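Structure incoming, see below.
Going by the order they are written in, the chains are A, B, C and D; count residues from 1 in each one.
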Amino acid sequence: MAPKGSAVIIGVGPEQGLGATLACQFAGKGLHVFMAGRSEDKLQHLASKIRQSGALVTPVIADATVESDVKQLFKLAQQDGMRIDIAVYNVDSNIPSPLLETDTETFTKLWQQNCLGAFFFGKEAIHAMQKCRQGTLFFTGATASLRAKPPFTAFAAAKAGLRALAQGMAREFSPHGIHVVHTIIDGVIDGERAVIQFPDFVNAKGADGLLQLEAIAETYWAIHQQHPSAWTHELDLRPFKEPF
Amino acid sequence: MAPKGSAVIIGVGPEQGLGATLACQFAGKGLHVFMAGRSEDKLQHLASKIRQSGALVTPVIADATVESDVKQLFKLAQQDGMRIDIAVYNVDSNIPSPLLETDTETFTKLWQQNCLGAFFFGKEAIHAMQKCRQGTLFFTGATASLRAKPPFTAFAAAKAGLRALAQGMAREFSPHGIHVVHTIIDGVIDGERAVIQFPDFVNAKGADGLLQLEAIAETYWAIHQQHPSAWTHELDLRPFKEPF
Amino acid sequence: MAPKGSAVIIGVGPEQGLGATLACQFAGKGLHVFMAGRSEDKLQHLASKIRQSGALVTPVIADATVESDVKQLFKLAQQDGMRIDIAVYNVDSNIPSPLLETDTETFTKLWQQNCLGAFFFGKEAIHAMQKCRQGTLFFTGATASLRAKPPFTAFAAAKAGLRALAQGMAREFSPHGIHVVHTIIDGVIDGERAVIQFPDFVNAKGADGLLQLEAIAETYWAIHQQHPSAWTHELDLRPFKEPF
Amino acid sequence: MAPKGSAVIIGVGPEQGLGATLACQFAGKGLHVFMAGRSEDKLQHLASKIRQSGALVTPVIADATVESDVKQLFKLAQQDGMRIDIAVYNVDSNIPSPLLETDTETFTKLWQQNCLGAFFFGKEAIHAMQKCRQGTLFFTGATASLRAKPPFTAFAAAKAGLRALAQGMAREFSPHGIHVVHTIIDGVIDGERAVIQFPDFVNAKGADGLLQLEAIAETYWAIHQQHPSAWTHELDLRPFKEPF
């Protein structure tokens, strides 16, 4: 059976990551998933796995910070005239750095990946969704968007920009039927990245102290299912043991 | 089949209201619902309706601002040793009033209903839920908790207190396995109260401009279903057309 | 020389406290100070000291949580037809308490002292100030108004209510020429109360780690001096070493 | 008499503007003012005026978004070994634009001017101030940092980034004796820019409805005068008639 709609996700990397988990989930719900990332190997591997389940998936090599890549991704997703039900900007890059040691390249790169790319992605998603006056547009955000603490000042500045962008889009496009959502991930996701970047932290937290990938994906789906009369624009997601 | 657990809701009034809608929904999910309100007529009418669907329901006459009533409600809910899965403080009372015209009785009553009662209810719910180290405790809040605007200053002061209470409880009891949730209802609920209190406003908004009862209840259920590794503490709920 | 105006302060206790420091400062600026508190001894002692400097001061025994006391205070302050330039609600009561150990009396008392009394005081101050379409109305607040953390949940619920009250008043009465200010004291004030209540904490912080009384008073005065075209409604005050 | 210290301001444009007003004020307080902007004509004109009052001033042609310009500015300000007492990042650029009409150049430029330049400036200011373990570093911010509303989404994303940057810096460097301040200008400044950009708006507001330049400058000075035991990190500034 042909899918009735599609999902576009950017920021799909390792199989044990949020992007990949959302891709699997949306595919499982019957959507054709256009999933974008920078690593062809990872995308192809994930695409094979999803296809084995009988779902439709299109891997797209794309850099979220390159506008033409983002435009191309949405062009692909729309070429069969399919409706885009969900779009997720899931790029998250964090580099801890004391302020005086933060160079311009790092400060700029964090902004490009966490905020500028979201601007490219959001515009394309809204262009596409406006045609049907429906769709859910997610931006995966972080607690740093609410509070800037060293050594995460540059990250916080980028995520605060993302949050404002998502909020402005919600105010502008909700009345047009587009559900814009900003999630505040408060804690460490139990994925490959954390294990590689912060192995000691992951061990110290224990399994219960990390956000489980499927658990996050369940909530994204539940929010997508909301009736337009009671939409959530912003919500936090946090392991029960996480101090906040 | 006997229910596996129960739900306790206070602030159950008209059939076309959020408390009643949550009661029906939780009953439909197989929970024994202990529903409390001040009007015996309304409770009995609703109880009959729920019983017709084959569900277990216990109506309890209670005033949320009377501590002994709240204690009695939870005593009843626990007398069969049943687990309390969900508790909802759904009392919401709003009286618009320019500040200089707000008398002490009104200011106090709004606090009692929106905040003090939540303190009574929250304590009892946590006492009960701690035994099983699980349960979801909802507080139905409002945008006024974030921004105080005349003529809703007294209401905002009460709802801001409620929000702080819920937040403090979440920080204290989440690590014990109790999921504490504060919902920010931003808009007017399409229920009997709005139709009576603000008929012109309801007409002006149109059906799409009001929060549908079932839509809110769906989200409460979805949040209750969240895995402890990714709990939401706070989320807004708003009609897509609502300016914010 | 007769004072041109007056200041009304409630929450004046020990000489080494914020209320007393504000009283001395306003008296030094030439205002007739009406200072209210619950301890006649402390008030008389402070009044003698202020009178020695040649300033006019009227001590008033009053409980901020008793509406008639607050009304009487403002009646006194206005009986000579003098303009009220400044009014400060400086009552601050904090009782740390884990939530399940917090009884109704404590929860209610904290609200009465931090929020209900401010409602009484604010109404009277605005009634008085509206006549001249000018005046500055301060509410001494706390960081807990922004974030509720155990064991300060009850305190936070009260201070969050205070903040909302102040914000609603600012929105309603700024256009009438009344400057409503909410200060967020973030840290421990270097006064008698801290020394008695938290001696170890005071020692650990060191002199630099506590808010100096005169330093706070200077900022209150600077904010009172602001031109109406650039009023501050809310500002934080924090020792430079305080983590936040 | 030689000045004891200096002030560095970037974002100095028309004489009727906040940068120029701060320059005049700081010069009047006895500081050697290094004032930077992009227009040589405007800077020279202002420098002449300030010199006539007997104060020391050094105009510097600089683009806040060019890192080498910012480094050069601080190099100049430090070449005589003078202490930098105050540094103000006063660049504020706003371009209203519905999101789908906002191009990448505009989105990027707003970020560069409101946020990236502040990163350059903040780093240099802190490098300089750390030597003396003192100094006040101001960032002129806007209400949009707190709430993103169309057609100001791109501006809000940039200002939210600025706010996070300032907050992170405050947390990192306050304990080192550097006072980092974020001002929230809520309203329109009564300067040349507003008159040119929004003449109708300026007329509609009336003189009382705009922020007076000198009034803002007074508050900057008062905040600079604060004792380290009671520093303000963030405050709003708003005409008394401004709805908020």
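By our rule, contacts are C-beta pairs under 8 Å (C-beta built on N, C-alpha and C of every residue); 3 or more make two chains touch, one makes a residue touch a chain.
Note that the structure is a prediction, hence the values are computed from the model and not measured.
K.L.:
Identify the chains adjacent to both chain A and chain D in the sense defined at the top.
P.N.:
Under the touch definition, chain A and chain D have no mutual neighbours whatsoever.
K.L.:
Give, as an integer number of Å, the spacing between the C-alpha centres of chain D and chain B.
P.N.:
Centre-to-centre distance between chain B and chain D: 46 Å.
K.L.:
Just curious, how far off is chain C from chain B if you go by their C-alpha centres, in Å?
P.N.:
35
K.L.:
Using Cα averages as centroids, what's the distance between chain C and chain D in whole Å?
P.N.:
Computed from C-alpha means, the inter-chain centre distance equals 32 Å.
K.L.:
Return the residues of chain C touching two or more other chains; collapse runs of consecutive numbers into ranges.
P.N.:
Residues 171.
K.L.:
Quick one: label the inter-chain contact graph as line, ring, star, complete or other.
P.N.:
Here the contact pattern is a ring, one closed loop where every chain has two partners.
K.L.:
Between which chains does touch occur?
P.N.:
The list of touching pairs comes to A-B, A-D, B-C, C-D.
K.L.:
Looking at the complex, which residues from chain A come into contact with chain B?
P.N.:
Listed in rising order, the residues are 170-171, 174-175, 177, 179, 190, 208, 210-212, 214-216, 218-219, 222-223, 225-244.
K.L.:
Which of the residues in chain B come into contact with chain C in the complex?
P.N.:
Per the touch definition, chain B meets chain C at residues 67, 98-100, 102, 104, 107-108, 111, 115-116, 119-120, 122-123, 126-127, 144-145, 147-154, 156-165, 167-169, 171-173.
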